[in-house]
């Protein structure tokens, strides 16, 4: 019916049925999360040694990423080839094989079926048919890409190379933080957010909100709309990066537009803002969205991956993995952990985002026929050298419409 | 399939798929709650002064009702025109404008878009397109009707006047309690009832149950099937009123039919029944259903609005606003509060209703192909001057079939 | 679409959309649970005396089984013929009639409508139409079958006799435990399992898992893949029985295939394994699945019915009724109660099953297009005289496809 | 006479709160009014009303007689689905010893409710704002306010909290 | 010899219940049987069976040996999804001091359970009906009945309560 | 000087935990830092990180100043939906009396959270691992670790626990 209309080519109006329709969501899983895209799975540092594994998620499917003897990583679906059991129930561990508890079929970390109890029967009775082919009955194995400490996977054998998937510009930003130095795992935060997963992607692609919603940021100069900054994308428009730098706590005509600016706030213990300049160039914030599953955060000295795990059209889990570099000294680690107070479910700025997208879903889901107006910075989808734009959101939907056939 | 058959014109058989089918429910929202009907929103007394606002609900959409400078009330949808945020999260308050937290778009209580931060860009960069028209990007504003202390709203600009909507007979009953005297807010009760919203409408349109289910009522003479009483409706059949009067605790052939009648019960502290006669005429109970969203309760000295807020086909929230008149003395207020023990989620009689309609939904939802038999008082839909009838339920479904195209 | 393909005749591949599709589930209710099948309802011993009743469930519909004066059992749906109230809210009790609380319509335990308050009106006003026929407005009454202590019911008047439904072979196994001796109720266990109901049927029809998953069984010799045993079915393939016997705790080439075998475990207090041989023949385990609703358990000296109560495609309640024989002495009762530690939600072996089928549902539901490989013991559906087979699962799906038209 | 905050008093108060919860959870409603004085005040009130100064209560009793009437309602007149409740009450905090011998006590409570065929659900959380006095040698509630945080009641509130 | 209800006894009982809960919540199951006497009785039983006089228990142990076997089950033989539990136990109420030195105690409990990738859920509520005795100078459970109100168990009951 | 485990100390600790919960539940956040020493450590940390030895906390404060900054965040800078919380805390278990006069205390906690138009939900369960010291005559937290069992946070954690 009329509720499902979306004029061809339009990306500055986003219809709200995209955020709650079960059929749209089903197609997103199929074409986006299980299609020719790289989804984030793990850090190399989480599974350093052969046999180390981590349970992760691609779309709604659980997968297991295991370090192999040769240092490569295998990713397989956590679903027994026999009768479907999600056999691995540990979050992480070390294993040379996986045994399904139901009938103890045994799999190598690569998914190869290694053993079927009583395959040949017992005392000449029963067993699998003579033509049963273990090779055809392993676990579903995913494509794997690794680059400088992160592991990605895809269900689609036709997925392009990771480098082609990102494109040269995005790769350059990627390599800035992931420069080949080994990472050190600091820990996890896990949220369940009652909102459509795309709202989180939009949030991170949206520099317009950063200087307005995040009073803490603005008040203490970590982000301001008048700082030199940039919004850049891959040619397809699916990935994006926001780049900016710390500012000062000054009043000018920009703060006039920021109603929540709190002039008189002082930190009692300012160690949380004890920032050191760490990477080449002037940028102090580089937030990268890798469509569709992950946000790579570098804000001052805090780094994390933020993993999107969709759970139906109105919900996703958001898993933060914080880390530093393996050679950080104790002070640097402490600094990163301290700054972690800004992020995650209780973060001085990130809590704002989780809350506001839940509030978005509330407003959106009761009006599927209405639509968002995404016109800040015009109606185009090009790069910008400022923060006053929603271009990266529009660009994502340009790509989205194409892949979704909408 | 066969499960969805309903012979044309039939209103003495109600098919049970009406109470659980998601598509029927979706159409109810569209044609009934968002159609040309007046939905209850607030008491004037809740927002007495300019800028006072109250968050309310029409169908599944949240709205905000605000007192304007000129004494009128504006009702707008609580959904930011930019990207959909349910921006107002306070239950009530006082404000001269509403600021969406995401990007601080500012709205007047009338919904007019007053400000868009960085609309003209920052340092010449970004900003909204030159042709961006704030007038076309305000909040959705609803039609508003007020009469003698109550505020109603409609999403449909083609809604008839409130007076025409009620019709002269219903208006007369309405004006009996809402006679122009200012009201005084006493407080709220809020229930979530796991049942289809129509079951609550049926319940209040059903005098047949009152003398049977409500043992407390019957036992203490507050309601009896043999009292002089009436069931009346507007011409369309959608609204209705039950009128009755207190009786005595006597045994006769009517109580014979009331198996639950408890002859020997005595109140230890009868102050709960310290009733004074308050309105002209002999009626002590006037229960009015204003389709589709509210029940106006006057029972002895207790008054409340009972607001239906549907939440899917199998659930609704039921919000009670209790009040008296502004000029009540302390004793009268105390009397109303005492009698409130009869009503609400713990009410001696109202708890029965909440429970029984949950039990109805339980029985109904597992048998969508079965149907109710609504034949008490015949199969017609006319007014009655007694309580032994389900005519008002039939009348409501006559109108319902018409508006729903079923 | 492609996700819903299932090659005709195939039963050694089970598509996973069978376990989560709402439309498939709806049809299962209609054709299987409400079709010409006998569903378990009660033990005779739960309602020994006239008027004793028990609330039970067939499919998703609640029913009430009441002992009549003549010793027969009547089963009626727990849904008022008037406006659908689930009127009986007690789990069990004794009653000569059922009164719906809403308007106090009165029903006999057979469902006959005995009374309608104010049917003739009050003081000449109102009441039911003259042609209102109480006989046509009773409760829906189900067909009933009883045999040796168990009570079954069917919504379909065309259901075959219970004896024909089981067939001679299944009946023989049935009569082995239910041999006409009165039973003694010992108590209930109730679980809610977040999995499709068919997974529980598969579980009990699957001897392959018993010697692998259940380490406790295997370790203490209660079940081993190398014991003499049998899998047998009725001609239709819907019912089945697993027969086996206790073994010893020995190591051989079979235990080699059982990776979880715990050689060194000893019980500190072995009274739980104080088993006596109780029935003719050598079998110590006879597990019978009566499609679609019940599992009749006899394992060592523990007996129970396990009642499947589906609640949507992804969930069912599993109600265990434990019992002995009426003439058990105290020691025997104590033995049965002690062995009950093996079963139910905390059972040393049954907890495994509940957990593994939840894990199955997890794996299955995220991949509706994938399928199970059910090839142990070949691809046929005949009886087997060993445990190394999934034949009874295949046989069930042969019947299932037929009745479901899939 | 002002009470003294002895260990014995603390234990007596703690035992009282345990006994009160047990009385309700075991559905011995006939015993419930006896925890109160004759002229007691008992209120169950939403935090919303309480904090906004709105007087409406979900349940309001002005005497032990009214509590007995409530028990009559529960056991004789009201129609409701069977349920069980379980109170988990934090350690009562004695915060005031009045000149009239009264004892001011506060405690947090949580009530879990179970309906037939349903999982346990948190039914209500809130706090008790109580005044105890000794009458006939026994501590009783002269005032018991149950201020509940919940914005919605799960259909009906049948049993006292 | 009848125990005396001293403050020390109250504190000892309170500490025992806290330690018991901690033992389970921290999954130190090997230590769990030591809270019981050699000849203990431990039952987890649905309120339904308990109130109807039906003897079936969800878990029934007649000795400390059986508790140890239960630990073996939990740690060696049973297959189940990983979980954590958290007990919230109300203040134990000492209600009887037996002629044999036994101490009758009751307490309400609530167990919250968390499975992987799932929000916390109320897993069980009920009450402990316990008898303590002093053995080797330490208070231990001679009998512990966990009567749970829930009509449904959320799939499996793996860990003791 | 090592503290002595007197009844008075037990009562003082019990009262402190009740007052702490009340301060948070009544949203008197300005008073909250005062429950801590100047050089306190306050952590809210997932059990997952805690047990794996991963240092990341959900909230980590290294001084009373940082607690005050957290209050500033809650009251001045952070944007979140209105909510109420209710703590149910088990009886605190005093498990250590340090040579420096510190007192080691553990307690289980449960926090129920309520959002507008939503039923109450279990928001967090876990345990407090605390160290108290006497400063200015008052017991305060020198260290308070809130180790929560939940694997998922229900969107945001705004208020302290």
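Read from first to last, the chains carry the letters A, B, C, D, E and F; within each, the first residue is number 1.
Basically, contacts are C-beta pairs under 8 Å (C-beta built on N, C-alpha and C of every residue); 3 or more make two chains touch, one makes a residue touch a chain.
What you see is a predicted model, and the numbers here were worked out from it, not measured in a lab.
Chemist: Which chains contact both chain A and chain E?
Modeler: Chains in contact with chain A as well as chain E: C, F.
Chemist: Chains in contact with chain B and with chain E: which ones?
Modeler: A chain counts here if it touches both chain B and chain E, which gives A, C, D, F.
Chemist: Average the CA atoms of each chain to get its centre, and name the chain whose centre is farthest from that of chain C.
Modeler: Max centre-to-centre separation from chain C belongs to F.
Chemist: Let me spell it out: compute each chain's centre from its C-alpha atoms, then which one is farthest from chain D's centre?
Modeler: Checked the centroid distances; the maximum from chain D is A.
Chemist: Identify the chain pair with more contacting C-beta pairs: A-F or D-E.
Modeler: Ranking A-F and D-E by C-beta contacts puts A-F first.
Chemist: Suppose you list every residue number at the chain B-chain C interface; are over half of them used by both chains (same) or under half (different)?
Modeler: Mostly different residues form this interface, as fewer than half of the numbers used are common to both chains.
Chemist: On a C-alpha centroid basis, what's the spacing between chain C and chain F, in Å?
Modeler: 49
Chemist: Nearest whole angstrom, what separates the Cα centre of chain A from the Cα centre of chain C?
Modeler: 45
Chemist: Could you work out how far the Cα centre of chain D sits from that of chain F, in whole Å?
Modeler: Taking the average C-alpha coordinate of chain D and of chain F, the gap between them is 27 Å.
Chemist: Specify, in ascending order, the residues of chain F that touch 2 or more different other chains.
Modeler: Touching at least two other chains: 7, 79, 81, 88, 91, 110, 116-117, 119, 121-122, 151-152, 154.
Chemist: Which chain C residues sit where two or more other chains touch them?
Modeler: 89, 91, 101, 192, 213, 260, 317, 352, 356, 359 - these are the residues of chain C that touch more than one other chain.
Chemist: Would you mind giving me the full set of chain pairs in touch?
Modeler: Going through each pair of chains, those in contact are A-B, A-C, A-E, A-F, B-C, B-D, B-F, C-D, C-E, D-E, D-F, E-F.
Chemist: Provide the residue numbers of chain E that touch chain C in the complex, in ascending order.
Modeler: 44, 46, 48-49, 52, 54-66, 68-69, 72-73, 76-81, 151-158
Chemist: Which residues of chain C touch chain B once you look at their complex with the stated criterion?
Modeler: Residues of chain C touching chain B: 59-62, 77-87, 89, 99, 101-104, 106, 117-118, 121-123, 125-129, 132, 137, 140.
Chemist: Which stretch or stretches of chain C touch chain D in the complex?
Modeler: Per the stated touch rule, the residues are 89-91, 101, 192, 317.
Chemist: If we count contacts the way the header does, which residues on chain C are in touch with chain A in the complex?
Modeler: 14, 16, 202, 208-209, 212-213, 225-226, 254, 257-260, 352, 356, 359-360, 362-364, 366-367, 370, 372-379, 384-389
Chemist: Tell me, which parts of chain D touch chain C in their complex?
Modeler: Against chain C, chain D makes touches at 79, 81-82, 116-117, 119.
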